[in-house]
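In what follows, a single structure is set out as C-alpha cells and then discussed.
As written, the chains take the letters A, B, C and D, and residue 1 is the first residue of each chain.
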Amino acid sequence: MTWLDVLALAPVLVLVIGATTLLMAGAWYHETRPLIAGGIAVALVAAVTAGVAPPSPMEIAGLFSSAPFARYFAILWSLVAALILMLSLRYASEREFAAGEYVALVLFSAAGMALLSGATSLVGLFLSLESFTLALYILVSFHRNNNQGAEAGLKYLVLGAVATGFMAFGIALIYAASGTFHLPEALNGLQVGGHLRPWGLLGWGLALVAIGFKISLVPFHLWTPDVYQGAPAPVTALLATGSKGAVGAALVMVLASAPGAWQELVPLLWVLALLTMLVGSLCALPQENLKRLLAYSSVVHMGYLLTALLPGSPEGYSAVVFYLTVYTAASLGAFAVITSLSNAHGEPQKLAAWHGLGYRYPVRGAVLATCLLSLAGMPLTGGFIGKFVLFHAAIKGGFTGLAVVAILASLVSFAYYLRVVMVLYSSDEPAPALHPGTSLEHAVLLVCVSAILLLGLYPAPLLDLIATLIP
Amino acid sequence: MNQTLLFLIPLLPLACAVLNMLFGMRLPRLVAETLAVSGVAASFLLTLLFWGYADGAGTHALLGTWLPVGDITIPFALHFDALAAPMTLMVTGVATLIHLYAVGYMHDEEDYARFFGLLNLFVFAMLAIVLADNLLVLFLGWEGVGLCSYALIGFWYQKSENARAGTKAFLVTRVGDIFLAAALLWLFALTGTLEIAAINARAASFAPEVLTALTVLLLLGACGKSAQLPLMTWLADAMAGPTPVSALIHAATMVTAGVYLLCRLFPLVSLSPDGMAAIAVVGALTALYAATCALAQREIKRVLAYSTMSQVGYMFLAVGAGSVAGAMFHLLTHAFFKAALFMAAGCIIHLAGGENDILRMGGLFKRGPRELFWVFLAGALCLAGAPLTGGFFSKDGILLAVYTQGTPLFLALWGIGLLTALLTAVYTFRLVYLVFAGEPRGHGHPHDLPLLMRRPLWPLALLGLCGGLLNLPPLVGGHEWLTHRLGTLAGREILAGHSIEWALAGLATGLVILGWGFARWRYGQFRGEQENRASRFLLLGWRADALVDLLFVRPFTAMAGLCAIGCDRALVDATLDGLARQTTACGERLRGLTTGRVSTYLAGFVWGFLIILGWFLLALVK
Amino acid sequence: MIVPFAHVLIFAAILFTMGLGCVLARRNLIMILIGVEIMLNAAAVALVGGSAYWRQVDGQVFVVFLMAMTSAEVAISLAMVVYLRRRRGTLEADRFDGLRG
Amino acid sequence: MTTMATSLPQFPWLSLLIGLPLAGALLCLLQRRSAIECRWLALVTTLTTLMIALWLFVTHGDGQAGWLLREDAAWIPRFGIRYTLGLDGISLLLVLLTAFLHTVAVLIAWPEQRRVPLFMALLLILESGLMGVFLAVDLVLFYLFWEAMLLPMVFLIGIWGEEGRRRAAVRFFLYTLAGSLAMLIAMIALYLLHAAQSGAPSFALADLAQTRLTLTQEYLLFGGFMLAFAIKAPLVPFHTWQPDALSESPAAGSVDLTGLLLKTGLYGMIRFAFPLFPNATRNCLPFLAALALLGLFHAAWSAYRQEDVKRILAYSSISHLGLVVLGLAAWNATAWQGSILLMVTHGIVTGALFAVVAMLRARTGTRDLAELGGLWGAAPALSAFFLLFALASLGLPGLANFTGEILVLLGTFHTQPLWALLALPGLVFAAAYLLRLVQGALWGPAPANRGAIADLTVREWLVLVPLALLTVWIGLYPAPFLAPLAGPVQAALGGLP
C-alpha cells in the first residue's frame, strides 16, 4: 500500500474515517442535528476529494481501480449520501433515530458503493457488496418501534443472506475454474475448452443469482416492494438509487473488462431483461401505494439497464452510466418528496393521501410530477434522453426485439406514472394535512429537479464526459 | 356606362340583405321594408337601363379574382346576354311585386328584418345564377338559393315541422347539387376552365358518351333544384313557408333555375341526342306525375306547388325537344301567372282566416272581394291554357316543338303532354269551383285585405294574360319577338305547316273546354269529402316520400347506427378497453405473487435458479 | 493433490444444495440462517480445493475474508432474530406477512 | 450554446415564437398572480405572438419554395442532434393559425374561474409546443415538441374537463403516445442506417432524406411514422380517442385540440413522412385514399347518431380531415393547396363552432341535443353565428371550407377522378348531420324548463366577429392565403410524378 495507493483510495478513506469518528462521537454526544451535519460535511468532502485528487495508478492491490470511471461513481454516491443525510435531518430527529449510528451506516454504505463501482476483482466485488449490504440490513429496520420496518428488515436480511451464499459459492466455482479472482482473466476462464469450463459456467450462473437479487431482476425481485414500503423513506432512497446503481456500475466494470468473453451469458441476460421489463411494468399497473409503485418502477428500470448492457458496445455502457445518473436523480427526487411530506405519525403512501396534493403543496407536487415523468421518459426531462440513448444503443447492438419490448414497457409505465400525476392534480377533496417541509428538504428537491431538467435540455457535456470514462 | 356597373344588379339586393340582417331590428319597420323593396326595384330599373348591353354576344363584366386554381384563376364575373336579360328582368320584376305583397302579408310578423333580409339574399343568389359567367359563380348562386329556401321555408321555426321541411328541401336539393358539382369537376378536367362560353365552344370536341354522361349529370343537378323526378319530394312540403316565399321561390324563380342551367349549357347538352331524350322524358313524366297529384290535393298551396312542378316539367320537355325559346317563353309566362295565383292564394287563405284546405272553403265569389276572383280566374285561365292567354301560346309552342321532332318517342311524349294539359285544366277549374262556387263551408269570418296585398296582383295577372305577345307565333301574325331576341341561343328552328299548327291549337282548345266541363260537372256542387284509396295515393304524391324513406333515409340511419355504435363503440373501443383491462388483470395476478411470506420469496429464488440451471445445461450442450 | 479436484467440487456442490434445501424446507428463522451458513461453508470448501489445485494462496486468503464476513452477518442476523422474538413473540418466517400485494 | 451566436445572421424570430409563450407561461406560474392579471398576461402574450406571426406572414408570404427563415445551433453533437428551426410556406400558414386560435382560446377561456393561472400557463405552454412542432426541422427536436405538447393538453382535459375527463385524458395521452413511440423507434433505426451509410451521424431532415433504403425497410419505417401521424390526424381505425377527448375537454381546450393538434398529424405527414420515404409513399397513396374515404363516411355516419353536441363536432372534424387526407393522397398541386387551406379553414370554422357550443353550454347548462331547441327566439345573435359557422362547415360556397373543398375536389379529379366522385356524397352527409345539429339546437319550440337566455356579451362578440370575418374573407378572397403555398407544395410534390 504505497502512498499513491492511499491517495487513490482517498475518497473512500475520508468516508470511512468520517463514519467511524461520527460513530464514536454518537456514543457520547446524542444531539442529532450536529451529527447529521457532520455526516453531510464528510460526504461532501469525500465528493470533493474524489473530484480533485489526481487519478494515480489505475489499480489498488488488484482489488479496486481508481480510474475516472470509479471516481465518477465515487462522487455520485457521496453526493447521494450527502443528499440523503440532508433529507433525514428532520426525519431522524422526529423519530428519535440514534443519529450517530444512522450517519455512520449511511456513510459506510456510501463507501461500500464507491468501492463496488470500481471493483476489478471478484474479491473486491464481494467485499464491497457485502459491506454496504450489511449496513443496509440495519438501516432498513432502523425505525425502532415500527412493525413494518422490522418486517422489511427481516425479509431483506434473509434473502440477502441467501444471495450472499449464492455469491460466495459462485465466486468459489469461478475461482476453481479459472484459477484467479482478477476479472478480465476470470471471465476468460469461460473460453478455454478445458474440463473445468462447466464449473466456470455454473459459477457465473450462481453469481448472476446474487446480482439478480441485488438489482431485483424479475424472478428475484419479490422482496423489493415490501422492503421499499417498510423501510424509512430516506433509506429507501438509498436502496433504490445507491445499491442498484453501484451493482449496475460493477456490472459495467465486469462486462467491459473482457468484451468478447461473456457471449455465453447473453441469452440468459436477454431472458432476464425481458422478464424484468414485462412483469415489472405489469405489476406496477394496479398499484395503489406510491412506494410499492416506485419499487416496481425501479425493477423495470433495471430491465432497461440490462437491455443497454447486452450489446456490450461502448455506446451501451455510456448509455447505462447516463441512464443510472438520470434514474438516481429522479428516484431520489421522488423519495425526497415522500420524506419531506411525511410527519410524526407516518409517511403518505396510499394514493388517496395524494389527492389534489399538487394544489395543496404546489412546489413538491410539481417536483414529484417532474420526477415521475422523467422516470417515464417524457421529453424535456433527462429520462427521455436516457431512454433515447438506451434505445439507440440497443437497436445499434442488434437487440431491436428487446428495444420493442422496452418501448411497450415504457408505454405501460407511462400509464401508471400518469395515473399518479393525474391523482396529484385531481379535484381537491379534503385530505389529511402533511408536513410543510423544511428549507433543507426543498434544497434537495431543487438539486434533483434541476439535475433532471438540465440533463433533459442540455445533456451534451455529461454525455461527452461519460464517453471518456468507459474503460 | 362601363360594364362593372352591371355588378350593381346582383350587389344591390345583397347590400340591402346585409343591412337588413345586421341592423334590421334596430331600424323602424317602415325603413327596413322600403330598404328591401327599393333594393330589388333598383336592380329591376338597372336591368332595364342596361337592356342594350345584352345585344349580340352580350357583355362580360369582371369584378375580381375569386379562386386561384393552379396557374389559372376563377374570377367573379358576370355575363349579361340575350338569354340572361329577360330572365333577370323577370326575376327582379316579379321579386319587386312580391316584396310589395310581402310587406302587406307579413304585416303582423315582428321578425320582419330576418324575413326581408333572407328574401333579398335570395334575389342576389338567383341573380348570381342568372348572370354567372363561370360555373363556380353559378354554383355559388345555386347553393345560395338552396340556403335561402331552407331558411325561408323554416321561417316560422317555432313549429319544428317547418324547420324539418326546410332541412328536407336543403338535403334533397343538395343531392342534386353534388351531381352538378361532379359535372363541374369533369368539365374543369376536360377544358381546364369553368367559363360557360368557353365550355359551350369546346363542347363539340368531347366524345359522345362523355357528352351524354355530362348531360345526365347536369339533368340530375337541374332536377334537384327544379323539383323534377326523382328529386321532387321536397317541393310539396316547402309550402310550409310564408306565401310570398312560395310565390317567389317555389313558383317563379328557384324552380326554374334548373331549366335556365340547361338552357345556358344548351350548346353542350344539345350535342347528345340520348341526353336530350332523357331531359324530355324526365320533363314529361314529371309533368304527368305532378298533374295527377295536383288533382287530389286538399291544400290550395299544395295544388299550386304540384302545378308548378308540372309546368316546369313542360319546360324540361321543351328543352328536351330542342326549343330553348319555347322553354324560356313558357318559363316567363308561367312566372307571371303562377306568382299571381300564389299571391291570390295568399289572399284567399288570409280571407279564410288561415284555413288553407279548399274542401272547407267555398262561396268566396259572393262574400270575398270581386277583384280577387277576377285575378284568380285570369291566372287560372293562363294555367289551364285557355286560348289567347299567355299560357296557351307558350304551352302550345312546346307541344308543337315536341310534335315536330317526329320520332316515336317524342310522339309518345307529345301524347303525355296532351293528357297532362287536360289534367291541368281539370285541377285548375276544380280549384276555382271549390274555392269560389257554392256556399261558404268554412267557419272563418272574412276580414278585409290590406291594400298592398291586392294591388301587386293586377300587373302579374295582366302580364300572364297577354304574355303571348312575348313570342306570338306567325300563325296569328306574331313575329316571335323572344325567339329573334335569343337568336342563336334559341335552339332548334321549329318549322311546321300552318295546318298542323291550327290543328294543334284547336286540339288544345278542345282539351281546355273538355277539362272545364268535367270540372264543372264534378265540382260545381260540393259533394262532400269523398276519400278513397286512389285519392289518398295521389294525395301523398304516389307515396314518393315513403319510397324515399324506405330506400334512403332508413338505410342511412341504420348505417349511422352501425358506425356510431357498431364499429366505434363495440368494435374499436371494446378491443382497446379489453386490452387495457387484460393488462391490468394480469398485472393484478402477478401482483398476487408477492404474498408477503418469506417462503414465497425464497421460492422465487429457486425459480430463478432453475432458469439459470436450464441455461447452464443448454450452454453445456452447445 | 491427494483427492481429485472434481471430487472436492462435487462434495462442495452437494454441501451447497443441502444448505439450500435446509433454507427452503425450514420455517424457523434460525434454521434458515443455519442453512445459509452451510451454503457459505460449502463455498469455503470449494475455495480451499481450488487454491490447492491451482497452487495459489489467494483462495485461502479469501476464505479468511469469507469467514470474517460470515461472522459479521451472523451477528446482525441474531440481533434481528432477538429483536423480532421480543417484538412479535414468534420466529415463524411466514408469520411476518404484514407487507404484501 | 456558444455556436448559437455565430451561425445566426438575423434576429431569431422562430425561437421567439416558441420562447414568448413559454415565458408568458412561466410568468403566470411563478409569481402569485391574481386571475385577472393572468388572463391579461396570457392575452398580451398571445397577441404579441400573433403580431409576430402576422408580420412574418406579410413579409414572407410570397410563395417561394425552400426555407423562408432558418435557425440552427448545435445541441447534442455526439448524436448529430441540432437545434434547427425552419419556416416555409406551409408552416407559415399553420404558425399563423396557431397564434390566431390561441388568442381566441384565451378569450374563450376568460370566464374560467377555477385555477386560472395554471390554466393560462398550460394554454401558453401548449402554444409554444405547437409552434415547436410546426417549426422543428431536426427529427429529435420535432419528437421532443411532439410529445411536449401532449402534456398541457392532458392536464387541460384532465383537470378542467367534464364528467368523464380523467378517462378521456389518459386514453388520449396513451393513444398518441403509442403512436409516437413507434415513430421514435423508426426514427432511431433510420438514423442508424443513415449513419452507417454516410458516416456523418445526423438527425437533420435533409440528411436523413438521402438514406438509401430497401423497399421493406422503407415500408417498416414509413409504417412507424405513419402510425403516429395517423393516430394524431385521426384516420378512422385510430380515431376513437378523439371524440372522448374533444367532448370532455373545456372550451378553450377543444378549440386547440380540434383546430391545431389534429393538424400536427397531417403536417407531420407532409413534412416528414412523405419526403423521407418517397417510394413507400407512392405505393401507399391508394391505401391512404381508401382510409381517408372510409374516415369521411364513417365519421359522417357516426356524427348523425350522436346525441352530445360536442361529439357531433368531433366526428365532423374527423370527416373533414378525411377529405384533407384524400387531397394529400391525390398527389396533385391544386389538391395539396386545397388540403392545406382546408386544414386552416377547418381550424377556424370548427374552432368557432366549439366556441359557440361552449357559450351555448354556459347558457343552457347542457350539451344534449334533445334538451336544446328554440335558441333563435332567445338569443338571435348567438344563433346567427351558430348557423353561419354550421353552414361554413357543411361547405356552403362563399364561405371558408368550400374554397378548400373545391380545390381538393378539382385537384383530386385531375389525377384520380374516381376518388373525387366517391368523396362528393360526403357533402350531402355533412349537410345531413350538421342540419340535424342546427335543427336540434336552433329551431323548434324552446324547452319549457329553460329560463331566459342572455344574448352575446361584448367578450363573446370579440371572439366570434373575427372568426366570422375570416370565414367569409377566405371564402370570397382566398388568394393571400394560397399565395405562400405555391412554392413549397410544388417542391414537396417535386419528388414524385
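One rule holds in what follows: a residue touches a chain if its C-beta (ideal position, glycine included) is under 8 Å from a C-beta of that chain, and two chains touch if they have at least 3 such contacts.
This is a predicted model, so every value here is computed, not measured.
J.: Going by the stated contact rule, which chains contact subunit A and subunit B alike?
T.: Both-contact set = C, D.
J.: Quick check: more C-beta contact pairs at B-C or at B-D?
T.: B-D is joined by more C-beta pairs in contact.
J.: Suppose every chain is reduced to the average of its Cα atoms; which one is closest to the average of all protein Cα atoms?
T.: Measuring from the global C-alpha mean, the nearest chain centre belongs to D.
J.: Would you kindly tell me how far, in whole Å, the mean C-alpha position of subunit D lies from that of subunit C?
T.: Comparing mean C-alpha positions, subunit D is 66 Å from subunit C.
J.: Let me have the rounded angstrom distance from the C-alpha centre of subunit B over to the C-alpha centre of subunit C, please.
T.: So the centroids are 98 Å from each other.
J.: Just curious, how far off is subunit D from subunit B if you go by their C-alpha centres, in Å?
T.: 38
J.: Just give me the whole-number Å value for how far the CA centre of subunit A lies from that of subunit C.
T.: Chain centres of subunit A and subunit C, defined by C-alpha means, are spaced 26 Å apart.
J.: Residues of subunit C that contact two or more other chains, please.
T.: 23, 32, 93, 96, 98-101, in rising order.
J.: Could you list the positions in subunit B whose residues touch two or more of the other chains?
T.: Answer for subunit B, listing residues that touch two or more other chains: 591, 594, 596, 598, 602.
J.: Find every residue in subunit A that makes contact with two or more other chains and list them.
T.: In subunit A, 154-155, 158, 162, 166, 225-226 touch at least two other chains.
J.: Could you run through all the chain pairs that touch each other?
T.: Contact pairs between chains: A-B, A-C, A-D, B-C, B-D.
J.: Show me the residue ranges of subunit B that touch subunit C in the complex, using the header's touch definition.
T.: By the definition above, subunit B touches subunit C via 591-592, 594-599, 602-603, 606.
J.: Help me check something: in the complex, which residues belonging to subunit A touch subunit B?
T.: Touching subunit B: residues 154-155, 158-159, 162-163, 166, 198, 201-202, 205-206, 208-209, 212-213, 217, 219-223, 225-226, 264, 267-268, 271-272, 279, 282-287, 412 of subunit A.
J.: Under the definition above, what is the set of subunit D residues touching subunit B in their complex?
T.: Contacts found on subunit D: 171, 237, 240, 243, 298, 301-306, 333-334, 373-374, 376-377, 380, 384, 391, 396-398, 403, 406-407, 409-411, 413-414, 417, 420-421, 424-425, 427-428, 431-432, 435-436, 438-439, 442-445, 476-479, 482.
J.: Flag every residue of subunit A that touches subunit C in the complex, lowest number first.
T.: Per the stated touch rule, the residues are 123, 126-127, 130, 134, 137-138, 141, 147-148, 150-155, 157-158, 161-162, 164-166, 168-169, 171-173, 175-176, 179-181, 195, 199, 225-226, 229-230, 289, 292.
J.: Can you name the residues of subunit D that touch subunit A in the complex?
T.: 1, 74-79, 115, 140, 143-145, 147-148, 151, 154-155, 158-159, 166, 169-170, 173-174, 177-178, 181-182, 184-185, 188-189, 191-192
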